[in-house]
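Following this line, the structures themselves.
In what comes next, subunit A is part of two complexes: it sits with subunit B in the first one and with subunit C in the second one.
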Partner chain A sequence: MQLDTVYFALFLGCVAVAQAKLPVRWRMPVLLSASLIFYACSSVSYLVLMLGLCALNYWAASFLSRSSNEQRRACFFWATVAVNLATLITFKYTSGLIVQGLSRLGWTPPDGVVTRLAVPLGLSYFTFQMLACVTDAYRQTWRLDCGFAGFTLFGLFFPQISSGPIPRAGRLLPQLLDGHSPTVEDRLSGLRLIAFGYLKKTIVANRLNEYVTTIFNDQTGTGALPALVACCLNVLELYADFSGYIDIAIGSAQFLGIRLDPNFDRPFVSTSVTEFWRRWHITLALWLRDYLYTPLLIRIRNLGMTGVVLAMIITFAICGIWHGATWTYLLFGVSQGVALSVETLTKTWRKKRLKQFPEWSVKWAGRIYTLGFFVLTQVLFRAANLPQAMRIYGRLTHWRLSLHLSEVIPTPFFFAVDCLAIAMWIAVARSLGRASNRTTPQFVLLCGLLIVFLGRLGAAHFIYAKF
Partner chain B sequence: MNWKSWLLAFLIFAGSCVVADLVATYGVIFRMPMYDTNRILHLYQTNLDEIPMFGTSRIRWNYDPVVLGPNLYNYGMDGSSFEVTDVLLQIELAKPKTTPIIIEPEFEDTHKLGDPAKFIPLLSDARFRPPMQKFHALGWWQFIPGLRYFGQYDVYVREFLNNRRMTNWKAAQGYSYDTTPPPFNRAAFDKLVDI
Partner chain C sequence: MSDELWRDLTEVFRTSLDNEDLTLAETTTADDVEGWDSITHVLIMVAVEKKFRVKFTAAEIQRLENVGQLAALIRSKRGGV
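So, the complex of A and B:
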């Protein structure tokens, strides 16, 4: 059950009604049952696997919270981490490698086999959550003090299981265990976010997808301008798609009275790549910082600045590989790590040199640099393979003056509607900030009308669902 | 919560959708004689003497029924696979007729539906649903008046504007063609004659 389907909307409505009608003590069991049903809709056998992993992590976290024997705690911790990572690697990469290997041998596995090898829904995000819990329990910065049911609900909470945001146990678990009912404010602000998320997905992401896909798959095109426009719109599409999903997830949770951590904070106003990663996919960036970058840096701290650079590049390389075992994702991760390292190394020098320029010009130059860098590196993220990415980069260097407008805009009418849709998105985003409980019906009405008249059905569901 | 505001918002939404549906159906789609939906609607008429020509874009743009005979009608459609031709054939064969039928089925590139927008106004006929389903173009909303054109409004508007712009085009017996004579380039002609 995808979050952009009407089935999910009906499901959420049923859960909200059950939550409102049943006594307060039933609130947690209702959410747990809903989460289990939601997961079972994806796959019953994988639900068993996830429950098994929940049990293992619950047992490990409770042991790590209670025990004081350091040697045994370390053994338990590393064993649990190994099992979680082994499961993730097995499902995320092995199946792909088997299919690739068989294809190279000239045997295309039937669809049924490929489906059976598919990654369980939200396994990546679930693993991040579990690793964070176990690590916090091991570091003794958090203590497990709930039952297995509560822990399972935390692991499989249905609005965020598919693609995040990645919650921290310290913030989400108490809310899930608490029996308070959602307020009218919760319900209405949740509804506004859900409507806005659907709007982003249907009128921006789905529309731009058609244009970007056409240019990226064009094997014969040579002009730089169409490629540049496609690269810029690709970033906009990814943002609209992912933040649209996040809005629906956060809105759904808020509709049920649960506050999830924000995942985006106006990333395009960032003046450096470092700042960009504080505003883009915030929960993943924080997770990487707390559970990968910092421990790694502590291990190699005797290397000084070299250690910092190494830790950054390794962290982002792993982040890239997490998206998929391809060269494009690896290069995407490494490029981000390199940019962050360069920014860190030149921080003092830049501060000194840029003092002579007006503050606004430095800010705008920083914004253009950050956006330009992200637009270029997102080509690696979008491209199906390295040759496709290289073809787009090749096109970007191929400037010529005699360019026909039809090469940049193959379908002017649809392009104009796309521009109108983007303008509408910006206008609605502004009105979201001003919307109150009283104006929620008007806001939802506006979103509904825009979705029906300007919306497009995407070729696929959310981009991040595949990670 | 203020239920009156919600009810009013819902009524405005439903009313706007129904009005937009009527405008799209009667003000846009049915006013494009060259559009495939209207050519399919012509098939529902009995037309006892008519000889239909079914097929893909090869039929659509290359077989002028006016030249071939007064009773022929061109039902060829861009990007239609055998599944689409099959549905049109079912409609034709249900008629009490004995006239010949010309078929140009596509067997090589069968995984095509063409633009699904042209079939949405016709979904009340259940025979159009299986090909739409096969090509993942069928949605539950397409059965709800007012919501059925979700995701397709701009497609219809573009087709409508294109039709309006093509003032030199003429439609006859399902076939449409440009009446403007192609520009004569003397230099190019002489070059070709030289070869």
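So, the complex of A and C:
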């Protein structure tokens, strides 16, 4: 059940009604049942797998929270980490490699086989959650003090299980276990966010997807301008798609009285790539910092700044590979790590040298550099393979004056509608900040009308669903 | 806590963060000091280990919540000096 479907909206409505009608002590069981049903809709057999992983991690986290035998604690911790990672790697990479291998041998597996090898819903994000729990319990910075049902709800909480935001047990678990009912403010602000998320997905992401896909798949085009427009729109599409999903996830949780951590904070105002990663996919960036980068840096701390650079590049390389076992994702990750390393190494120098320029010019130069860097590296993220990415980069160097308008805008009418959709998105984003409980019906109606008239419904699923 | 330990610790922080005016309290955290991020935190730990000739474990470094806890950890490593 995808979050951008009518079925999900109906499902959420039913859960909210059950939550409102049943006594407060039933609140947690209602959310748990809903989460189990939601997962079962994806796959019953994978639900059994996820429950098994929940049981393993619950057992490990409760042992790590109670035991004081350091040797046994270390054994339990590393064994649990190994099982979690082995499960993730097996499902995420092995199935793809098998299908790829069979294809190379000239046999295309039937759809049924491919489906059976598919990655369980939200396994990546679930693994991040579980690793954070057992690590925090091992470090003794968090203590498990709830039952298995509460922990399972934390692991499979349906609004965020598909693609995040990645929650931390210390903040989400107490809310899930608490019996309080959602307030009117929770319901209405949740509703506004859901409507805005649907709007971003349907009128911006789905519309732009067609244009960007056409240019990226065009094997014969040579002009730089169409490629540049596609690269810029590619970033806008990814942002609208992923932040749209996140808005629906956070809004759905809020509709049920649960606050999830934010995942975006106006990333395009960033003046450096370092700042960008504090504003883009925040929960993943913080997870990488706390559970991969910092422990790695601590281990190699005696290398000084060399260690800092190594830890950064390794962390982002793993982040890239996590998206998929391809050269494009690896290069995407490494490029981010290199940019962050260069920014870290030149931080003091830049601070001194840039003092002589007006503050506003430094800020705008930083924004243009950051956005330019992200637009270029996102080509690797989008491209189906390395040759396609190289073709796009090749086109970007091929500037010529004799360019037909039709090369940039193959269908002027649809391009104009795309521009109108982006303008509407910006206008609605501004009115979201001003919307109140009283104006929620008007806001939701406005979003609904724009979705009906400008939206491309059911065109493509969320990009991050595949990770 | 000895004045000498506190003075040396302040000196390490001032050098690592390039801030000669920095003053530390037992309750000071990374959020209170400009430039004290995850990178400088680890570099400060390396400088502290060198200065006080102690060795921290990864878990000890990650459990620290404020400067007071760091000072207490140094003291415990040095046998309560």
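Convention: the second predicted complex is superposed on the first by the 465 of 467 C-alpha atoms of A that agree within 3 Å, B and C clash if a C-alpha of one lies under 4 Å from a C-alpha of the other, contacts with A are read in each partner's own complex, and residues count from 1 in each chain.
Heads up, the rule we're going with is that a residue touches a chain if its C-beta (ideal position, glycine included) is under 8 Å from a C-beta of that chain, and two chains touch if they have at least 3 such contacts.
As the structure is a computational prediction, the values presented were derived from the model and not from experiment.
Steric overlap between subunit B and subunit C is absent once the structures are superposed on subunit A; the two fit side by side. Once the two complexes are laid over each other on the shared chain, residue contacts for A:Cys231 go to neither subunit B nor subunit C. With both structures placed on the common chain, the touch criterion links A:Gln140 to subunit C but leaves subunit B unconnected. Annotation for subunit A, partner touching more residues between subunit B and subunit C: B.
Once the two complexes are overlaid on the shared chain, A:Phe413 sits against subunit B while remaining clear of subunit C.
Of the two partner chains placed around the shared chain by superposition, neither subunit B nor subunit C is touched by A:Ala16. Of the two partner chains, subunit C is the only one that A:Leu297 touches; subunit B does not reach it. Contacts of A:Ala34 after superposition on the shared chain: neither subunit B nor subunit C is touched.
Judged by the touch definition given at the top, the superposed model places A:Val334 against neither subunit B nor subunit C. Minimum Cα-Cα distance between subunit B and subunit C in the superposed model: 40 Å. The intersection of subunit A residues touching subunit B with those touching subunit C, taken from the two complexes, is empty.
Of all residues in subunit B, those touching subunit A in their complex are 1-2, 5-6, 8-10, 12-13, 16-17, 20, 139-141, 147, 150-151, 153-154, 157-158, 161.
If you check the complex, the residues on subunit A that touch subunit C are 138-141, 289, 293-295, 297-299, 301-302, 304, 308, 344, 348.
Taken in their complex, subunit C has these residues touching subunit A: 18, 38-39, 41-43, 45-46, 58-59, 61-63.
Listing the residues of subunit A that touch subunit B in their complex gives 6, 184, 187-188, 202, 411, 413-414, 417, 437-438, 441-442, 444-445, 448-449, 451-457.
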